[in-house]
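Two complexes, one shared chain (chain A), two partners (chain B, chain C).
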Partner chain A sequence: MQRKIRVLVGKPGLDGHDRGAKVVAAALRDDGMEVIYTGLHQTPEQIVEAATQEDVDVVALSILSGAHMTLFPDVLALMRARGLGDRLLTGGGIIPAEDMESLAHSGVGRLFGPGASTQDIAKYIRKWFAETHGGNGAGAKASRKPARVARAAPRKRPKPAAKSSRKRR
Partner chain B sequence: MAEPKPASDLTRRVLAGDRVALARAISLIENETPQAAEVEDVCFRKSGRALRLGITGPPGAGKSTLVMRIAQEYRRRGETVAIVAVDPTSPFTGGALLGDRVRMAELAGDDGVFIRSMATRGSMGGLAVHTAQACDVLDAAGFARVVVETVGVGQSELEVAQTADSTAVVLVPESGDGVQAMKAGLMEIGDLFVINKSDRDGADRAAFSIRSALELRAPGSAWSPPVLQTVATEGRGVAEVVEAFEEHLEHMRVHGGFERRRRRRFEQRLDDLLRAHLWQEFRAQVPAAEWAAALDRLESRRATPNGTAAVLIERFGANRPGAARSSG
Partner chain C sequence: MAMRTQRKGRSKAHRSAMKRPSGVKTKPSAPSNNGAAWDGQRQAWKQRYAAAKERPDLYPFTISGVPIKPLYTSEDLAAMDPARDLGFPGEFPYTRGVHTTMYRGRMFTMRQFSGFATPRESNARYHRLLAAGQTGLSIAFDNPTIMGYDSDHPKAHGEVGRCGVAVDSLRDMEILLDGIDPGAISTSMTINGPASIMFAFYLANAEKRGVPFANLRGTLQNDILKEYIAQKCWCFPPRPSLRIIVDLIEFATKRVPQWNTISVSGYHIREAGSTAAQELAFTIADGFTYVEECVKRGMNVDDFAPRLSFFWNSHLDFFEEIAKLRAARRIWARHMRERYGAKKPASWLMRFHTQTAGCSLWDKQPENNIVRTAFEALAGVLGGTQSLHTNSMDETIALPSDKAVKIALRTQQIIAHELGVTETIDPLAGSYYVESLTNTLEAQAEDYFRRIEAMGGVVAGIEQGFFQREIGRAAYQYQQEMERKQRVIVGVNEYVEPDEKLEIPILMISDEVEEEQKRAIAEVKRTRDDRACTAALRALTAAARTAPGQANLMEKILDAARAYATEGEIRNAMREVFGDYVESSEF
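Moving on, here comes the complex of A and B:
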């Protein structure tokens, strides 16, 4: 079984515009990722708890409300407190360039503004995953293949000596 | 099988109820990593206390919302609840959009609830490939009830009946048409039936037609599945669903069906594992050239599938390296 990249796509705060989040969620799904969509009006606590239970690799937030300078740092702090500091926090919305830069300094990943291509977002996530998990992005290619259809097909366990052994725990 | 090995750090944390470890353990199993077997084995040995409830039904019947309400009802009764919500993996891209949590937002912030979304990853039975193993982990972690929500099913995705101790089939007023209700499959696996969205027209008629269809089921089972009506969005009728689940479980305990059901579940799991392993071992014994030649013979109609399979088993079946050591 190929290692799937799991991504939580959520909308924190008082912001009812979820079109963008849904477009990104669908694009990441089409890129072969498992996307957990958590819906609107989530508190940072709810988002991080969902990220914990779902064991996602990436938390992607859509923020159009202008509250990005509090919401991203809040979510990041909670992720770190919860032991999820090795996961990627990324996202997008209406975010001025200088804010993006300042958030990047605090440890938030790349943020995407209006007009960003969904392919670039998927590529960015795959690149981050390959770099942090020691893989060469093989998962990207493999997961584009049709999923196996047979029920209870043989399980293949990767060799224990694989270089991709993950450093977490 | 070797003696039980000491549990790894991760597994110990799972058994202690650490939610980060619990989530990670399920991922290891889903990704079939080398550590997965240890987690599976330790958790399997510790499992058996949780009661597993299956929720299945067609897409859009309101399964997720009902699961959320059922979890709330169990919490009111003081029981902890884990939820495994399954959504389909795309056979084309391998990706999945797991959206069941959207309907379960009201459960956020409750430490007595744990929700995990799983993608089917190629399994065709309405569950994910490793749903049973994930349930073992949640069971071992101490949740009193594990609720498994299937993908939106048609008539033949019935695997949940082999995974759950008790299964509810969720329908809507419009799905109660008499002929549909008599078809084989979905109607045969319900231990209880729920007509959700019963504030809509036709709910009583749907309930009646399902009851009628159930009367035509072969006699022999002492349990007659109740047909309940709910409006899950408002929480109406949900306490009765939980009550019906508990009654069914109690009924099985009294009449002996409970152990029989679990035994059948283990048999199915063992079957699946053996089939997968033996097939894989056998297939590895057949050289690629032989395989291609066999396909050529089929293509030109010089051999039949039955005959070819027999010849391949004859030639390569006994030579499996596993055949010699399997007695150990």
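Moving on, here comes the complex of A and C:
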């Protein structure tokens, strides 16, 4: 028996653009994952609370409002505080490459832009799951608890969001 | 104005040139076919086509899924009656345009939507855009402002000034419009949930500068129904929201008669993933709902309908978009005259703004977005738009940089002046394909109207999640077509450059903006007359408790704005009575 990868798709902040979140949620579901969608206007606390309750493997945030440098670090810090530091935090939206890189340094997974294919997103999640849970990416053991021992080496603490006034032309 | 004079001079030259006998003029010849022979020819062509091979990658559906035939002929328009279905420009049913002269009389307004960071920084960009030849202002607000939160609210953290300008009180509006005469410019404000509050700030600013309300020109988006359907930014549940909107329309009809009180918007419905037919149908159904609500309040349709305008998306499917815009005018005119009994032609005609489709742009090879936007803008112009926004190539990555915005504006200027598409009115009329698509879209919209009516109207449809589901399905379908490469997107699923390095400048918003706005709010609260402000807010809450039609909320909101109440305070004064709205989260 292989268990399904559990994914929480979250819409944090005030951004109402939910097309991407819903399309990705539907695509991951059709790819065989178990998907929970938080709905709109969630605070980082609400999202991490839902992730805890649902015991998900992956938290995927959709942010098109430019607030990604606040919301990703906030969610990541809360996940770590709640003992979900070994789960994957990924996502997508309107995010400049430089910000993606800086978020990756702080421990956020890969982020996807508007041209991303949902198949690539699914592949990325399966690959992460296989690497961290020792499976082949097609699924994992029926019992989820033992998988948790495969915790990755402790990651660096999240850096505070870049403070500099980064206005470039 | 110098440009206009020059254009006039040139067109005079054209007229005299036209009088000269032309060497290439073809002699009008008698029709060379009789009916039977023509039909035979058509049948023969069909047989030849059926026997021939089509390209294996052919996917002959519009972006909305309408099957496209290989060839359209007069057969497709057999039922068309030009007098009934087309009319002439400026004439019922306005299929060919709302003005008699269209762009020969007045060029479309070039109106770039913009706003970011603090009111001061946005003000500087407005001055630059106006200097570059833009002819109208269009204000983009940030998310906290759009949702009715002040910049110092915990939910605003991280979002202040990110995708629009933060406006917390009358003070911010004064800074935003500094050096811009409110009596000399038309201003469009993209605001819905708190539209009445931003309108109040705008009015109070004009009042302080001594400009009478009657001289103000502009547009409020103020279309709350499409928020529940698509864009998902609201302050209150649907029914109290409709009451505020009717109050605003009642107020503006009397006091700000040149103001467009609602811009009924399909744009966001399309961006959320709808098809062209859904955009057309859902938006116009929203428009009907506003008309019905105002009539229920006891207003005469001809008093307010002339100030309703529309806002459409222009996507990549060139002919379908043109057909959609032509069908929209015809549908609105027919329903306003026949169903709502409007007597004034101004109530029948649908004026609209068009914006190119943000959702058709990609973060791969972003320079290609300039080309996509140009074609979409061209469709808007061929569809007879009154004003236009062209997206910037970098909007899939961040807020547009100054350079990208300028290229977008130049795109409009090239269409207006270089392509020769504005010299004749509705040039695609009579095209077998375009007219046929126009008819198809109208029929699809009518079908949706019947379904919406059967479920109890638009608000009931929202509450049942009907629109949200329809749009979600269409969005998913489109994504799958892309991933199966049935739809080739250049640079995204074909012609990909895997090692692409982004070489365009990106505008970054400083974290300082939030702190600056917080300081500004504190300053406003410190310097205003608190007693007057509290009294105005209490009066607003009291008015909100009365039944619709008893007390006009717009009057009370304006009083609160004058007293420098913040947006959040004004919202809270009504929230006490109206409560919040939570959507169910289906996908």
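Criterion: the second predicted complex is superposed on the first by the 137 of 169 C-alpha atoms of A that agree within 3 Å, B and C clash if a C-alpha of one lies under 4 Å from a C-alpha of the other, contacts with A are read in each partner's own complex, and residues count from 1 in each chain.
Assume a contact is a pair of C-beta atoms (placed from the backbone, for glycine too) under 8 Å apart; a residue touches a chain by one contact, two chains touch by 3 or more.
The structure presented is a predicted model; accordingly, all values stated were derived computationally and were not measured.
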| item | value |
| --- | --- |
| Partner chain(s) touched by A:G16 [first = chain B, second = chain C, both, neither] | second |
| Touching partner for A:M33 - first (chain B), second (chain C), both, neither | first |
| Which of chain B and chain C A:A67 touches, first, second, both or neither | second |
| First, second, both or neither for A:Q53, with chain B first and chain C second | first |
| Touched partner set for A:A97, first chain B, second chain C, both or neither | second |
| A:A25 touches, of chain B and chain C: first, second, both or neither? | both |
| Touching partner for A:Q119 - first (chain B), second (chain C), both, neither | second |
| Touching partner for A:T132 - first (chain B), second (chain C), both, neither | neither |
| Footprint overlap on chain A, comparing chain B with chain C | 25-26, 29, 35, 37-39, 41, 43, 168-169 |
| Contact set on chain C toward chain A in their complex | 143-144, 146-147, 149, 155-159, 162-163, 227, 231-233, 271-273, 359, 361-364, 395-399, 401-403, 472, 475-476, 479, 482-483, 489, 491-493, 502, 505-512, 582-587 |
| Residues of chain A defined as touching chain C within the complex | 9, 13-19, 21-23, 25-27, 29, 35, 37-41, 43, 64-67, 69-71, 74, 94-98, 113-115, 117-119, 161, 163, 165-169 |
| Of chain B, residues touching chain A in the complex | 9-10, 19-21, 23-24, 26-27, 30-34, 36-37, 89-99, 101-102, 105, 108-109, 114-117, 119, 121-125, 129, 272-273, 275-277, 279-280 |
| Contact set on chain A toward chain B in their complex | 1-4, 6, 25-26, 28-39, 41-43, 45-46, 49-50, 52-55, 82-84, 143-160, 168-169 |
